[in-house]
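Please see the structure below; I have some questions.
A, B, C, D, E and F are the chain letters, set down in written order, and residue numbers restart from 1 in every chain.
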Amino acid sequence: MKYINEIRIGDHVNSTYLCKSKTSGVTKTGKNFESLVLQDKTGSVDGKIWDVGSAGIEDFDALDYIDVVAEVVDFNGPQLNIKRVRKCREGEYDPRDYLPVSSRDIDEMYGELMDLVGLVRNKYLKALLEEFFVKDEDFIKQFRFSSAAKSVHHGFVGGLLEHTVSVAGLCRIYADKYKFLNRDLLITAALLHDVGKVREFSSFPENDYTDEGNLLGHIVMGSEMIGEKAKNIAGFPLSLENELKHCILAHHGKLEFGSPKKPALVEAVALNYADDLDAKMETFKEILNGTTEKGSWLGFNKLFESNLRATIGEE
Amino acid sequence: MKYINEIRIGDHVNSTYLCKSKTSGVTKTGKNFESLVLQDKTGSVDGKIWDVGSAGIEDFDALDYIDVVAEVVDFNGPQLNIKRVRKCREGEYDPRDYLPVSSRDIDEMYGELMDLVGLVRNKYLKALLEEFFVKDEDFIKQFRFSSAAKSVHHGFVGGLLEHTVSVAGLCRIYADKYKFLNRDLLITAALLHDVGKVREFSSFPENDYTDEGNLLGHIVMGSEMIGEKAKNIAGFPLSLENELKHCILAHHGKLEFGSPKKPALVEAVALNYADDLDAKMETFKEILNGTTEKGSWLGFNKLFESNLRATIGEE
Amino acid sequence: MKYINEIRIGDHVNSTYLCKSKTSGVTKTGKNFESLVLQDKTGSVDGKIWDVGSAGIEDFDALDYIDVVAEVVDFNGPQLNIKRVRKCREGEYDPRDYLPVSSRDIDEMYGELMDLVGLVRNKYLKALLEEFFVKDEDFIKQFRFSSAAKSVHHGFVGGLLEHTVSVAGLCRIYADKYKFLNRDLLITAALLHDVGKVREFSSFPENDYTDEGNLLGHIVMGSEMIGEKAKNIAGFPLSLENELKHCILAHHGKLEFGSPKKPALVEAVALNYADDLDAKMETFKEILNGTTEKGSWLGFNKLFESNLRATIGEE
Amino acid sequence: MKYINEIRIGDHVNSTYLCKSKTSGVTKTGKNFESLVLQDKTGSVDGKIWDVGSAGIEDFDALDYIDVVAEVVDFNGPQLNIKRVRKCREGEYDPRDYLPVSSRDIDEMYGELMDLVGLVRNKYLKALLEEFFVKDEDFIKQFRFSSAAKSVHHGFVGGLLEHTVSVAGLCRIYADKYKFLNRDLLITAALLHDVGKVREFSSFPENDYTDEGNLLGHIVMGSEMIGEKAKNIAGFPLSLENELKHCILAHHGKLEFGSPKKPALVEAVALNYADDLDAKMETFKEILNGTTEKGSWLGFNKLFESNLRATIGEE
Amino acid sequence: MKYINEIRIGDHVNSTYLCKSKTSGVTKTGKNFESLVLQDKTGSVDGKIWDVGSAGIEDFDALDYIDVVAEVVDFNGPQLNIKRVRKCREGEYDPRDYLPVSSRDIDEMYGELMDLVGLVRNKYLKALLEEFFVKDEDFIKQFRFSSAAKSVHHGFVGGLLEHTVSVAGLCRIYADKYKFLNRDLLITAALLHDVGKVREFSSFPENDYTDEGNLLGHIVMGSEMIGEKAKNIAGFPLSLENELKHCILAHHGKLEFGSPKKPALVEAVALNYADDLDAKMETFKEILNGTTEKGSWLGFNKLFESNLRATIGEE
Amino acid sequence: MKYINEIRIGDHVNSTYLCKSKTSGVTKTGKNFESLVLQDKTGSVDGKIWDVGSAGIEDFDALDYIDVVAEVVDFNGPQLNIKRVRKCREGEYDPRDYLPVSSRDIDEMYGELMDLVGLVRNKYLKALLEEFFVKDEDFIKQFRFSSAAKSVHHGFVGGLLEHTVSVAGLCRIYADKYKFLNRDLLITAALLHDVGKVREFSSFPENDYTDEGNLLGHIVMGSEMIGEKAKNIAGFPLSLENELKHCILAHHGKLEFGSPKKPALVEAVALNYADDLDAKMETFKEILNGTTEKGSWLGFNKLFESNLRATIGEE
């Protein structure tokens, strides 16, 4: 396979790419053509199909993986003049070649998540966590694959899992350090704080807000999902369910960030700080990854409301 | 019955009052006594029980209705020196003599509410409304009796019903006027927008925030209640359920007012305006009711962020 | 007449258009030419006059209606190569072919406005309304023709009238519903709330902020206009004039929206809600008019601070 | 005359005071009495009239100057037991003994104001200033006597004049320093910027917001007053009137401070700075006047949003 | 010694207390007396010296430790009628009996701080830390004794040390977890982030803002102190000094919280989160310590902008 | 010398320009070339060096002054095809031909600054000013040459000096007018308020934020510089140093504008107003300088949050 960042004008290409978008057009002479954007993990490239009805051009849609045969021409940079195209079947390609993925192994992270589940001793909370992370296979599959965001931070396959394990790990440390925190409640809330995101974002490669994501948001959906699972557990104490839901609802910390309640419990405060810190650290890391030169200023960043730079540290 | 605003120093009293609060104390000479605050719809008065263990003093708690025999003494104004007291049974008193109540008849308002239900033609929404307002007797009882607020506006028995009928009536008018509004969705959302308040506030005479009210709030609880009822209705379209929940979630109009989502549908915008207008009109009305003189300035009001006055209008 | 959205490369055109702008240039060879933007209600198109001094090219200015004879050439799309041009006289064209206009009939709306005037029983307020809407012919002409905004909402011929009738209609309903509102004051204030806009915007086709519009704004100018008219009415009570002016000054509801006073009278509160609701409904309607697909998200909207979508409603 | 700060328990008093307030009461034995607050420039003291109907007690109202004969008794400090009282005629007392007054001579300040008027060379602006400060005797009388605020700064007789002269003096200096400022416009605007305050505040001793002050505010009223005077001057250029009014409307600098327009002209910017600086300097001066010890912290001040202290400067 | 919370009316007292305040007065009969507030770690009590000039009454000032002989009388609760008083010498009393102190041992915490210093490997940063925490004995004494605040959180003897160790401990964990953080810079910044507080607050028992604390604040003073110490270290890299100072200046995270710069380095971001979390946890802990009942709501808290309650957790 | 705004296609050019930027590229045929931006005070122009290694092309860097020989070709406007280039030595060119400079003479302004220094009578403050403006030659050179900003206002050679003299001149006037201001402190603070800018901005022609400028800011650096100089003056009173530093720290007036302290001294308030006024006047002047037509609206300006226009004034 030829990665997109290796394509040069004049090449002949025969490879599989993810078709990010597909639109139809009409030339000045009245002929139909199609414009594609092809993507793999190294970048994206434009492609054109001029002979739409011809033999080698099979049916496919945007977001399909397609096998293309093309000549690379120069049109303000390389452009694929596509001669043949067909839709690939699952198994013919490895999605990790085409999508942003976590740098950490998903199974390993899931193992860490289960270790954290193992720390919870309250029988109701433990049972609730198992409803999500052990028994609900559809949820598990989505949760492992999902991103934690459309862009911003952790916007890659496995991102939701990576962020969740990291936040819950911080919360475990906070519970050790600040003894008055309710350890079981805090770890459980951390592990569940973003479960609503499996419904807020469509799965990769699209990874965009769903209709219910836009209308309801992951905070309210996450609280609802907890309520539904808790119904399956006999004797789940109502006050415990409400405290847990409160932590989910309040975890953005401020009304203007979309939490319908400000943190009223100390565990909700701690969760808010852990979530926010992990998001900011990952965001800054992703910004720094794009730079090579220590000590150079990166320009004004809207999220941090500051001009940023990488630390020099010592000489 | 002697109303509290008619009690004079030197009177002998034998009447039933609501015991708003009850606390114990010890005199300088080491004797136990109890301090009460007694209330009816005309005001409140302090009472003392000096002979706590004596024959005529039966057991009761704060928020009980109690029958008292007392002499009225002067202690910076009238105070009841209580000789005998007993807890009343339901039926011995009429709560409307003791609590703030709507000036409108509750049955009549409920009839108007059912008329509005009758306007909804979408079969799923109509079925949902009936789940609440026809089939769920516990809910109906609470809804008719509940207030719409702890203080601010509509803070009286029947206030939730009065406010709901008023907002839904406005929405009906808006749907007639702005034809692009979805009439069924808007009226349904209006009728259900505050149903979570039956769980946010404890019932009268307490009428204070409940634990779940503080932790979750009526917006999220209302959305959940709708989700639970919708499960009982076969084939309820998911997109319709989400649109309806969105209207509930967004009806405060701004994140900083506790809505986890800003209005994204035009019906959510309209509902927000109707709810806000009705609340402001009722609040202003309650402020004006406390004044007698047209044209006099009432001082700075925090909600309206302005010095207010009653209108003179014409001469 | 050939509408602009029907013009094709290679066409010969002989039609009347509104000249939106006109600028002079010099070719590389040193020859003068003129660049025009021509407009009708279907869109706009560029035009060039290469032979500026030639016989068929008569004098005209930007914002004149002009009759052009031209060939349509291809210059990144169609462009009119104008051979002949002359300024049209009033009567030769129908402005509604060239400008955005209300979808409602202006006479009919004015009739509704007069019906609302007829509801006012206070003799001073009625006389004041007649000073504006019956006796002042210049004002009436401007008011019927004016827009309610430069862009945003009701930005079309008749928009001010349409918005005014709609807001006053809402206020009439509010006065019926909330009996403590002073009906005469509220309807009068609604009918006059935006009269300053006839001075804030220049007339169509320009429809831009005037100098005094920028310096003083329609709120203050509207209050002044009321003061001037009230002087013509013997015995107009001062407190009534001040209450009415207050409603005008406060109708934006917040200082940061340009009102020099927050609403202090309940009628000022009600007017603010009516004005705001009508503006938001019209704005949302104009946004939805641009979309065809129910259920599709329209992207983030600055005014509503939300991603918006059209309602699906039922299935 | 015995000043209030010299009154001691046991004194016999026969002096004239301003009656700040007067309320009626009933004793426990059912007898009518009257409670007064008496004021002079040194402070205030309570007084009681126990024999309301007796011979020496003549009619008077709150805000009258009254001559009292009284014994000073001890009631948590001195209290006047009033035996005789009568209302004084104008001329019997000097208001400056009873009201806060400017430390500067009013005639001298008015002379400075007229010098500033003399600097204006534009004939229309000069004529306008003379309409106010030379020809309108009622206005002049009010303007000389009025305060610039209810409390805050310059809240004393002559305060409006003192503040006006000071602001206009600053503007004169700014016009000398920043040559691109229009000197005539700026000085005129400074002299007229607060003329609306003669209608916003009632005259001393009351010095409270008037009804129209609350409803319209001095900014809008000042602009209107200018419009009315300008009508008397033949040929007053409209653009000049609008620029001047704009400076008045914008002189608070921000919408949230009650200006309906932000400064759009450089003179409006300069006027805003001069007005704000003079108000802040006077406020700080009044705060410092209440302190004796250099270097001591005065506590958090709301207006300055800071703990304040007097400067030590040098040692 | 009799602790203040054990004093009863009728007791005879002979103990040492901290004199929190001392004011002079004159009785109605013209005699001088002195009013004291006496304090120990269990509370405070009023005292009076009626015979100011008598033999047993020696000289002392507010904030002295004094030995008193007194009778306890009843004046709306117990009050000390002081017969004899003398100022104590250092050594006669243990300040920990009179002041709020950390619940942790100061030497132990200082040991932890030195362990954290030991982790820093960069030779310049290590040398700088030793300038403060090893070599500067005056600083060390103040730092160990100082509070971290006037009230809010850690407002007790040893509070600054406790908070510093806690924040630096968090930062050590963050550096382990987020590998791209510069560990040496972050730990150093954490250990020094509040050193300016030894100059911002006067020492106990006063513990109030100093003059320079009010004028300059601990953020700027801390940055200056670092600059001065760094001058003592040959070859200290300028960029490293600036990065460290930046972390100090930015550690409040937002301009409106008194940081003159927003965090621009990732270590400054991490420090801000650690500082804020530790402050919030300690504050919540202090709030919870005042309550006994799990599950009861504690009322609206300004810092957290929420009604708070202790967690129930499980049943 | 041929100024850049006089260069025409086809010209032969032999002149000295400032090389604002320099980047390398590779042509499609694999040959190296260099792209330059050349600048003088009249504008900027692109240049290309196609024969990078040829004889006439000597070494130089961005921000050097270079002497070029070139032909002017047409590439969407004039472009210099550079044949020969060499770096100039200091003295071969006059920087004022290449950089924005103050319209006022630098020596004359420095004379005014020294006059202001001469007004200060407090011996410590006078000595401090002389440390900066008389004794520190490096500082003086930088201060005379520096700009007061990267863009916004006074962004030219001599701008810092011009702004400083102007602000201190205003403060002198304020001290004359408001007698309670400490004249020596205020004038000293004004003269030193922006000294940190010589370190915040790199020198011309770059004039960009330095690393320490970004990390620490001119406010904190200015305060530090004062502290360092004060150390050289025996007996400099600490309270005076702190008051002066406070004025520097607080001179932006609000925390959100980067001041770590709000003004607590009246001189800090006055300095804030003088600084802000001078900045706004200069900014408005620079905006007006770009316009020719009196009375025309200049569009929305972000700094002034308003559409602006030049004043017409009179007719």
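The working rule: a contact is a pair of C-beta atoms (placed from the backbone, for glycine too) under 8 Å apart; a residue touches a chain by one contact, two chains touch by 3 or more.
This is a predicted model, so every value here is computed, not measured.
Asker: Based on which chains touch which, give the shortest step count from chain A to chain D.
Answerer: So the least number of steps between the two chains is 2.
Asker: Report the chain whose CA-based centre is farthest from the CA-based centre of chain C.
Answerer: E
Asker: Assuming a repeat means more than half of the contact pairs shared by residue number, which candidate in E-F, B-E or C-F repeats A-B?
Answerer: Interface equivalent to A-B: E-F.
Asker: For the two copies chain F and chain E, is the contact made of the same residues on each side, with over half of the numbers shared, or of different residues?
Answerer: Comparing the two copies, chain E and chain F contact each other through largely the same residue numbers, since over half are shared.
Asker: Is the number of contacting C-beta pairs greater for D-F or for A-C?
Answerer: Greater number of contacting C-beta pairs: D-F.
Asker: Considering only mean CA positions as chain centres, point out the chain farthest from chain F.
Answerer: Relative to chain F, the chain whose C-alpha centre sits farthest away is B.
Asker: Please compute the C-alpha centroid of chain B, do the same for chain D, then give the distance between them in whole Å.
Answerer: A distance of 46 Å separates the two centres.
Asker: Where in chain E do residues touch two or more of the other chains?
Answerer: 211, 214, 239, 243, 261, 264-265, 295, 307, 309
Asker: Every touching chain pair, please?
Answerer: A-B, A-C, A-E, A-F, B-C, B-D, B-E, C-D, C-F, D-E, D-F, E-F
Asker: Which residues of chain C touch chain D in the complex?
Answerer: Against chain D, chain C makes touches at 211-212, 214-217, 219-220, 223-224, 227, 238-239, 242-243, 245-246, 249, 255-261, 264-265.
Asker: Any idea which chain C residues touch chain F in the complex?
Answerer: For chain C paired with chain F, touching residues are 209, 211, 214.
Asker: Tell me, which parts of chain A touch chain F in their complex?
Answerer: Listed in rising order, the residues are 295, 297, 307, 309.
Asker: Please output the residues of chain D touching chain F within their complex, sorted ascending.
Answerer: 122, 124-125, 166, 169-170, 173-174, 177-178, 180-182, 184-185, 237, 239-240, 243, 261-267, 269-270, 273, 276-277, 280-281, 284-285, 288, 295, 304-309, 311-315
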